[in-house]
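Working notes for the structure below.
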Amino acid sequence: MKKLINNPKDVVEEMVGGYVKAHPSYVKQLPENERSIVTARKTREGKVGVLIGGGSGHEPGFMGYVGEGMADGVAIGNIFASPSPDPILEVTKAIDKGAGVAYLYGNYAGDVMNFGMAAEMADLEEDIRVKAALATDDVASALKEEKEKRRGIAGEFFVFKAAGAVADFGYNLNDVIRVAQKANENTRSMGVGLSPCSLPQTGEPSFDIGDDEMEIGLGHHGEPGIEKGVIETADKVAERLVHDILADIELNKGDKVAVLVNGLGSTPRMELYIIFRRVEQILNENGIVIYRSYVGDYITSLEMGGCSVTLMKLDEELERTIDHSVDCPMFVQK
Amino acid sequence: MKKLINNPKDVVEEMVGGYVKAHPSYVKQLPENERSIVTARKTREGKVGVLIGGGSGHEPGFMGYVGEGMADGVAIGNIFASPSPDPILEVTKAIDKGAGVAYLYGNYAGDVMNFGMAAEMADLEEDIRVKAALATDDVASALKEEKEKRRGIAGEFFVFKAAGAVADFGYNLNDVIRVAQKANENTRSMGVGLSPCSLPQTGEPSFDIGDDEMEIGLGHHGEPGIEKGVIETADKVAERLVHDILADIELNKGDKVAVLVNGLGSTPRMELYIIFRRVEQILNENGIVIYRSYVGDYITSLEMGGCSVTLMKLDEELERTIDHSVDCPMFVQK
Amino acid sequence: MEFTVSELKEYFNSVVNMIEEQKDYLCELDRKLGDGDHGVTMSIGWQAIKESLNNELLNEEDCGKVSIKVGKTFLSAVGSSVGPLYATGFMRGAKVIKNKTVLNGEDLAQFWLAFGKGVKERGQADVGDKTMIDTLEPFVNVLEEKFNDYQEFLSAFSEAVDAGEEGMKSTKDLTSKKGRSSRLGERSIGVQDPGATSAYLILNEFFNFVKSRSVQAN
Amino acid sequence: MEFTVSELKEYFNSVVNMIEEQKDYLCELDRKLGDGDHGVTMSIGWQAIKESLNNELLNEEDCGKVSIKVGKTFLSAVGSSVGPLYATGFMRGAKVIKNKTVLNGEDLAQFWLAFGKGVKERGQADVGDKTMIDTLEPFVNVLEEKFNDYQEFLSAFSEAVDAGEEGMKSTKDLTSKKGRSSRLGERSIGVQDPGATSAYLILNEFFNFVKSRSVQAN
């Protein structure tokens, strides 16, 4: 796959370099570690710090979500690889305002270990209280009985938004984590992959797929899904994705949800809205009320083709987090 | 190319249907014509109406830019085809608040004819004053001596933003058009194409390009560019694009610009920021001051690969239009 | 000669079929010069016309009203460059055949002359710009001259269509000037203009249609 | 037997080269099971170690400090799953060889045992989960037992590496449980785990390195 890059080994550094130059009023790089980015705006003393992170290649996830109403800082890994503890720790130190720091990330072996090590170091070496909430929204990644093994995909966006909002409201660390965990528990995603991406260093497609095939449940690093089949119409795909979500979370008539139809990278918005159209119909038929919808590229996998559908079941507290305004370089909500 | 669609002939209707269902607090479809979308929010009597439009397949252009601070309504054509006069006229009638309507669109034969016919009909049949400003930012589309023949590409975003802002400020129709034209005259774009898109109806790639080739000056419907060559590094590409822009518009030390690095569809944000990084360096070397930067997919061509660089030279009036807040379904600025 | 409103509708229906057959070819030409949609656009437009012929126009007896409706339907369905061009053509043509249920040779000649001139006026393109005008302008000129000379429609139309064909072919060697492919410059040389091609095909379809009728009539 | 700090560094350098050679193969395995980056990640990590060996570590005489620095450098450069795993391994190994410039057979055995146990403790994976633990756990068990029996490093290590190889190969027939490929279920059967593969290669590289030295020494 063709790429507009220089040396493949420099892509992350150059992307981050361009990013901070593009949005100097929003974000800045820490001098201690170039993979550590924090908000450029003043944050209130006593506010719980919200730290997000993960591998790069998911832009706007994760660095695009640093700003008012979302995260105070982000630690950036190599492509599809957890950041090491160093940048996590530096961000932790920079964004702690005395009320501790909430770590939000997806449930991947690497992230669990690296964020875990950073949290230990923050506690032992820096005396900063850290608590973590992990996103496990991907229904396809493990059976319901082993829910704690599930990976985080696009639903991470709702977890970030919820925690970011209540941190802004002045919640303490325990409550920020409680809300993040509640957001995660109420969130389910299902994805479909149509075409692979490629790592700049290898140029190899991240997975093999036939010209007429799609892969249900594809992971957002190109990990194989749960089922490969002949490509279906958008309506059929939407039905399948929503069906699997509704089979996994109880949603009754009158329940409110936030909806996210997320593009994986190269799928045009046109197709995302065609998918959304059917999602809305199904929810409507079931009497489920859409409180707010997000359609676009929120967590991607480089130029992968396909999309995911995410539903977050709302209670009043989560509704308020959805309503809260956000001002980040890659996501703004008024 | 694989697509998440139903019947290819329904893609535009279904996209628009999904769009209005996704953002009911932002936009609504006119009962008179389903290709006519207007803001769902109340607009002030006496405000100049801002109407944008063009072919679909460019999302967020154009329907994504209806909202506070941008357009009051949009007329939506088939993929890569100007809308017919009907939806344009319906939008015109709906958004006229007694102060007339400004038509903003790209300089394409089809758009010129259809918007021209609609303007005539608005004047003759509806007694609504209409004036038009056309975007001609694409440096590659005609020589400097024939500037009026140039097409509009990503720079349309700045023209919409400028006109949308001053219409909000309460400018009259003549002044809205004056500012739109000034924005256009101060705006230049240059694009590069890496990989084609395909129309849902044909499935054929919009252009042929070798595995190691790029096309400088590619049009945003896949029209062939001015030069095909071996693919270069991101830095070299950025240098070429900025060079061609700087050769076309006078920018001196201390001049301020707004920058847009626009993805054509499937190019990841990672690559756009790598391009931006070099653009910023060059401007910086030349003493040109970046007032604000936009990096992302602003005007696309379905899943085309590549990007464009746009610079708008600013005076104080245009600075204020850049600063103005915007609240649209696909673009928000606080 | 006599040409009834049902024949007019039949002709339009035959264009619908012809365009479906030529769709891919027209897209392929536009893919090389423009945005690759010309066949799709023509198909969308003519399919809409087919709809209209099978519904609102089913009992319409006025040739003028049929032509107006064909033009408007095409325009509403496609927009695009060709929408206003063909719509203007068919609406100008409609003026000279309005209130008529049967057309004679003179009517047909005037219809196509008005059609061609309407397109030209709307598009403001010149011969040599690599557009459908390269087909239509020589077609109009020869039709006007030869119908004056012969006072017989089919022979004049036949020569006019030949002139249109020549014009169409000449676009191969031209650089694009108007429309979405104008940026292409030198590289547009060698490919025939899609709009010039479909315009010729529509004219030629009329010639074949009328010829087969007059053979039957003999 | 004697193993000097320069030999330790030489060994690490030989891993650098080996990983460069195996990079594509490791990516290919991960492409089938996970996100396709394992070779890239290992390469980034070991290239960073090479940097370090050629700079800060150039005059370092303490085997323990070399191993700590190798672990930390790898972790900082890669993060990922393998970063914490290898970093913990090399840092635990460092403890048993600290303040030493020359290592004997006992030191080497203890180094690798601590290494393997460190990885296991960090990752909390079990044999059968289709991870590098399938290589490392049998390796550790055999090394411990055989070194006890023989009190001779190279023979014990040789058998331990063989056990690691067996373990690595066994991952082919396993379903993924830990790490990014666990969603794959049944479909992961048939492909060898990339992390188990690179772990084996690193151990085997040590065996070859020491063997060639002892042959030279004879």
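Think of it as A, B, C and D in the order they're written, each chain with its own count starting at 1.
Note that in this section contacts are C-beta pairs under 8 Å (C-beta built on N, C-alpha and C of every residue); 3 or more make two chains touch, one makes a residue touch a chain.
All values reported here derive from a predicted model rather than from experimental measurement.
Asker: Can you give me the shortest step count from chain C to chain D, moving only between touching chains?
Answerer: Minimal hop count between chain C and chain D: 3.
Asker: So which chains count as neighbours of both chain A and chain B?
Answerer: none
Asker: Express in whole angstrom the distance between the two chain centres, defined as the mean CA positions of chain A and chain D.
Answerer: That gives a centre separation of 32 Å.
Asker: Can you give the whole-Å distance between the Cα centres of chain A and chain C?
Answerer: Chain centroid spacing, chain A to chain C, equals 54 Å.
Asker: At least two other chains touched by the same residue of chain D: list those residues.
Answerer: none
Asker: Touch graph across the chains, line, ring, star, complete or other?
Answerer: Line.
Asker: Judged by the touch rule stated earlier, which pairs of chains are there in contact?
Answerer: The list of touching pairs comes to A-B, A-D, B-C.
Asker: Can you tell me which positions in chain C touch chain B when the two form their complex?
Answerer: It is residues 24, 27-28, 31-37, 39-41, 43-44, 75-85, 122-123, 178-185, 187-188 of chain C that touch chain B.
Asker: Quick check on the complex: what are the chain B residues that touch chain A?
Answerer: Those residues of chain B that touch chain A are 2-6, 11, 14-19, 21-23, 56-57, 59-60, 64, 192, 194-195, 197, 211-212, 214, 231, 233-235, 237, 259, 261, 265-277, 280, 293, 295-297, 300, 302-303, 305-307, 325, 327, 330, 332-334.
Asker: Would you tell me which residues of chain B are touching chain C in their complex?
Answerer: Touching chain C: residues 9, 55, 77-86, 108-110, 113-114, 116-117, 138, 140-142, 149, 151, 199, 201-202, 204-207, 217, 219, 221-226 of chain B.
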